[in-house]
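In order of appearance the chains are A, B and C, and numbering begins at 1 in each one.
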Amino acid sequence: MAAKTFVLLDVAAGIHAAPREITPDDVGGAAKGYRIAWNRLRGGTREGVDVLEVDNGSFSFTVVPTRGMGLWRARRDGLTLGWKSPVAGPVHPQFVPVSEPSGLGWLDGFDELLVRCGLENNGAPEFDDETGRLRYPLHGRIANKPAHKVEVSIDPDSGRIVVTGVVDEARFHFLKLRMTSQYATRVAQPGVDIRDEIQNLSALPAEMQMLYHVNFGVPLLDAGSRVVIAAKTLVPRNAHAAKGIDSWDSYAAPQPGFEEQVYFAALKGDAQGRTRTLLKNAHGTRGASLSFDVRQLPCFTIWKDTAALADGYVTGLEPGTNYPNPRTFEGQQGRVVKLAPSATTVLELALEAHTSAPEVEAAEREVAKLQGDSVPVIHRQPLADWCA
Amino acid sequence: MAAKTFVLLDVAAGIHAAPREITPDDVGGAAKGYRIAWNRLRGGTREGVDVLEVDNGSFSFTVVPTRGMGLWRARRDGLTLGWKSPVAGPVHPQFVPVSEPSGLGWLDGFDELLVRCGLENNGAPEFDDETGRLRYPLHGRIANKPAHKVEVSIDPDSGRIVVTGVVDEARFHFLKLRMTSQYATRVAQPGVDIRDEIQNLSALPAEMQMLYHVNFGVPLLDAGSRVVIAAKTLVPRNAHAAKGIDSWDSYAAPQPGFEEQVYFAALKGDAQGRTRTLLKNAHGTRGASLSFDVRQLPCFTIWKDTAALADGYVTGLEPGTNYPNPRTFEGQQGRVVKLAPSATTVLELALEAHTSAPEVEAAEREVAKLQGDSVPVIHRQPLADWCA
Amino acid sequence: MAAKTFVLLDVAAGIHAAPREITPDDVGGAAKGYRIAWNRLRGGTREGVDVLEVDNGSFSFTVVPTRGMGLWRARRDGLTLGWKSPVAGPVHPQFVPVSEPSGLGWLDGFDELLVRCGLENNGAPEFDDETGRLRYPLHGRIANKPAHKVEVSIDPDSGRIVVTGVVDEARFHFLKLRMTSQYATRVAQPGVDIRDEIQNLSALPAEMQMLYHVNFGVPLLDAGSRVVIAAKTLVPRNAHAAKGIDSWDSYAAPQPGFEEQVYFAALKGDAQGRTRTLLKNAHGTRGASLSFDVRQLPCFTIWKDTAALADGYVTGLEPGTNYPNPRTFEGQQGRVVKLAPSATTVLELALEAHTSAPEVEAAEREVAKLQGDSVPVIHRQPLADWCA
């Protein structure tokens, strides 16, 4: 049987489905045990947010079309991936002042497990040298743009579930990009595969950036957690990060007032460019892997923000097309994706939850294999062409 | 029989009608063949936008109360008037950052056939000389203010249909204006008559501006299209427009990267001040006329933006109380409307679609008659008091 | 019988009640004559605003959870407390550009009887000295934050009605405050008691400000109205206010173009710190009292804005933790509330409507008693440490 497709939102076609569930009964076929729920949240700052929950039977996740197809939370075997932000989301874009003169309004919506930062820019806000006015807001606009198309396609026999959403970041006389995001999973898969295709809708060349800001807090992150990567190079972002360079890969307990430390890395991939990064808890009994292609996403950022729980104890593992420096600096370093007229680029990222020591160990062995005998170059101070 | 009135929205009275149609069956009388539909759009950036579609049997148009009573599209005999913006609207104001420090956030909502620019200001954004902060955003605020009253009145016998909407642009301690917009048409009329009454609600004098930004793209606009006006004077806005002065009235094929060219004109009216402007396609088989009173709208702007289709191949014919220069400059030139306390001003504009060569020729003859024997003064360079 | 609680909104629990009424029939018990209505407004700038109307049988008031639990209007015996702003509210936060570079966007939503100004700051907007960018918008953000929890609790026998709403003002890496606001009244009570508990959710110390901007216009405010306070000290805010110092406590008829005059006062309380302020009409037949604790709210501001009715003839009586000067100045003067990690502070304010001469006289006597024999110090010019 062919895959069965359910259109939940199609603005051009005038379709906006009422809240509903999709189960094997709606699809037929051999695959069983999955469930998809489409809902609209109500009240407070989440008023009007559409959410799509996908449960493949062993791994479940929540996609937020209203927030640029972000991934709000994921769950497996009682382990919730995500973090407890001081902002209780998902927050509707109407309550996120991305254009605030400070460039920091984006923070009012920041509570996802995975938030896309882009597409015109990501990273620190940048201001016009001469006028002082905001040019590029923190982490860009895509996370606060609503999808205009959302559909779910399910293969009745294999149980493969693909959520597709389309989000535009377009302004007349400026950048015109279209992102088609897919979340694919399969019955019993312990994770989800993400694939974003970004198209330049314009007849002129364009540049874009993408940073996958993947955020983990409790319970996965704890005192003694470690991030495991196959690194070529690692650089502290600034003098404060440099102070923590000897413990760049381990995490402390929550500490009120902890000032964030950020490290930039270039990772090693296999022959096909594929790499894996792992975050594991202190006991090595739980973890989460991100797998991706270092040719697509050559820049990896580790953000350590182990402040108090109430202030958002969290780490971000952030594969990107660039480092989250101001846009102009990254452009000068060539860390942007150039798109010819009508051209597209594809970015892929797989997320996997590990809920036992053997799983964590297996993931760690994979990273070790990528690292092999090579020794990473750990810079003890920021590099001029890496750090703005 | 008296006209029958349907109140679709009246915030003060707590009325917000559910989606509905109004047909001759609801009205009675001799007039037949019209249809009015009131709907709320869902999903993406159009979430929550109220639209009113009016079809008089041969001409139809879509009014958007949520966007300051803008005119989104019009259709006659298979000809759609409007343009294909890179922004797929109509866009709800919650997704238009008019107050973005750049002053350009308005562009995120720009895709209408007719968008009103005003009422405090229109034209290029203006910044405070000293602080660099935004003072007047591009094209003002009225297009992103929702109507608080919408009603439709239909004469059962003549088939005259009048849509009335009321929009306020008011801020405590600042300008307090109320715009009552009417769209009037009649069964079989090949167009629509627009009438805006703007009232100064304050006990203090006020100033206002209005620019009707009327935008045409494909299929009407094509290589060889021409704009036909009865001009007294025409001035290129800047050096780049000056380069194109010899072909100011004709349009080229879509060209990627075409830099917009803008011309400012003073038009000739008849004894009552009435003038007409025509845009026709290359073959002279289709066109659109705007008719208005040059005493109400003395400034006419031609905006040529014949970039690639994907980037918004479009021209704007823009009758206004002023030219779209920064607000302070226009004020210095006296191109603002002064309103005494409680006073009102009326602005009128008729739109007509032409769908045959004879109709286009008739419209062109009317413009020729207005021009008569007089020769327009075509300036080859910008004028200091016309161009900021 | 125990109080009966109705949860109308609880975002965390996924509860958003449909429009409904609560009457004694829903509660049982001896108390009769009250009525509570929960509604969502539609259309214009009030689209999506939740309102809660409470009528205790003799005094009624409207709470707006969507606008930071503001108090929109109150009514007793045909007397409506509130004012006629040029902005017709209640306005949904999506239409209030608090982050506008000017810092004045807050004004687009300003029409309540009582609007809370805070919690990070209140008062005049403040800009960064070096960059000119907005740091603190006029009167802060809390009034444009929606409640995420709203419930009503009713004691069946005493007829005590308590509305509780919870609003967060939180940004990752910045301030994280939670305000739990209560409006308590009782069958036949001629007013309402307000109690706000503000908690610092962070593990770091925080500072906050609150100003209760309580606004009265017609019919209570008229030519000859007087404000009656027990003052220790009163200071004109600026030179313009200084010109009116001899009539600081009386109001003139509406006058187009009247420039606002503001006075700052320190009030006398009783042994428990309790004070009362009264606004009464010219004939002394109607009035409104605010009662509060000068230890909680040591700064009292009188805002006289007796412009034309159309421009918002209004006075604000404003108990606060500070005077509405720019945030940095007030911080330097120590007029902020410091909150230890997880600590809370409580602010209380009672509003009472007087609808007869004897009631007004009784209130006036209470103020006189507080004043006693002491003579207030009326400064004729601004003081450097009171006025920025």
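Odds and ends about this structure:
The criterion applied here is as follows: a contact is a pair of C-beta atoms (placed from the backbone, for glycine too) under 8 Å apart; a residue touches a chain by one contact, two chains touch by 3 or more.
Values in this document were obtained by computation on a predicted structure and should not be read as measured data.
Under half of the residue numbers at the chain A-chain B interface are used by both copies of the sequence. Between the two copies, chain A and chain C, the C-alpha superposition involves a rotation of 120 degrees in steps of 5. Taking each chain's centre as the average of its CA atoms, chain A and chain B sit 42 Å apart.
Each of residues 48, 94, 99, 101, 132-134 in chain A touches at least two other chains.
Those residues of chain A lying in contact with chain C across their complex are 41-48, 85-88, 94-95, 97, 99-102, 104-105, 107-108, 110-111, 127, 132-134, 254, 256-257, 307-312.
Remark: chain A residues 9-12, 14-16, 48, 93-94, 98-99, 101, 131-135, 145-149, 168, 170-174, 176, 201-204, 341-342 touch chain B in the complex.
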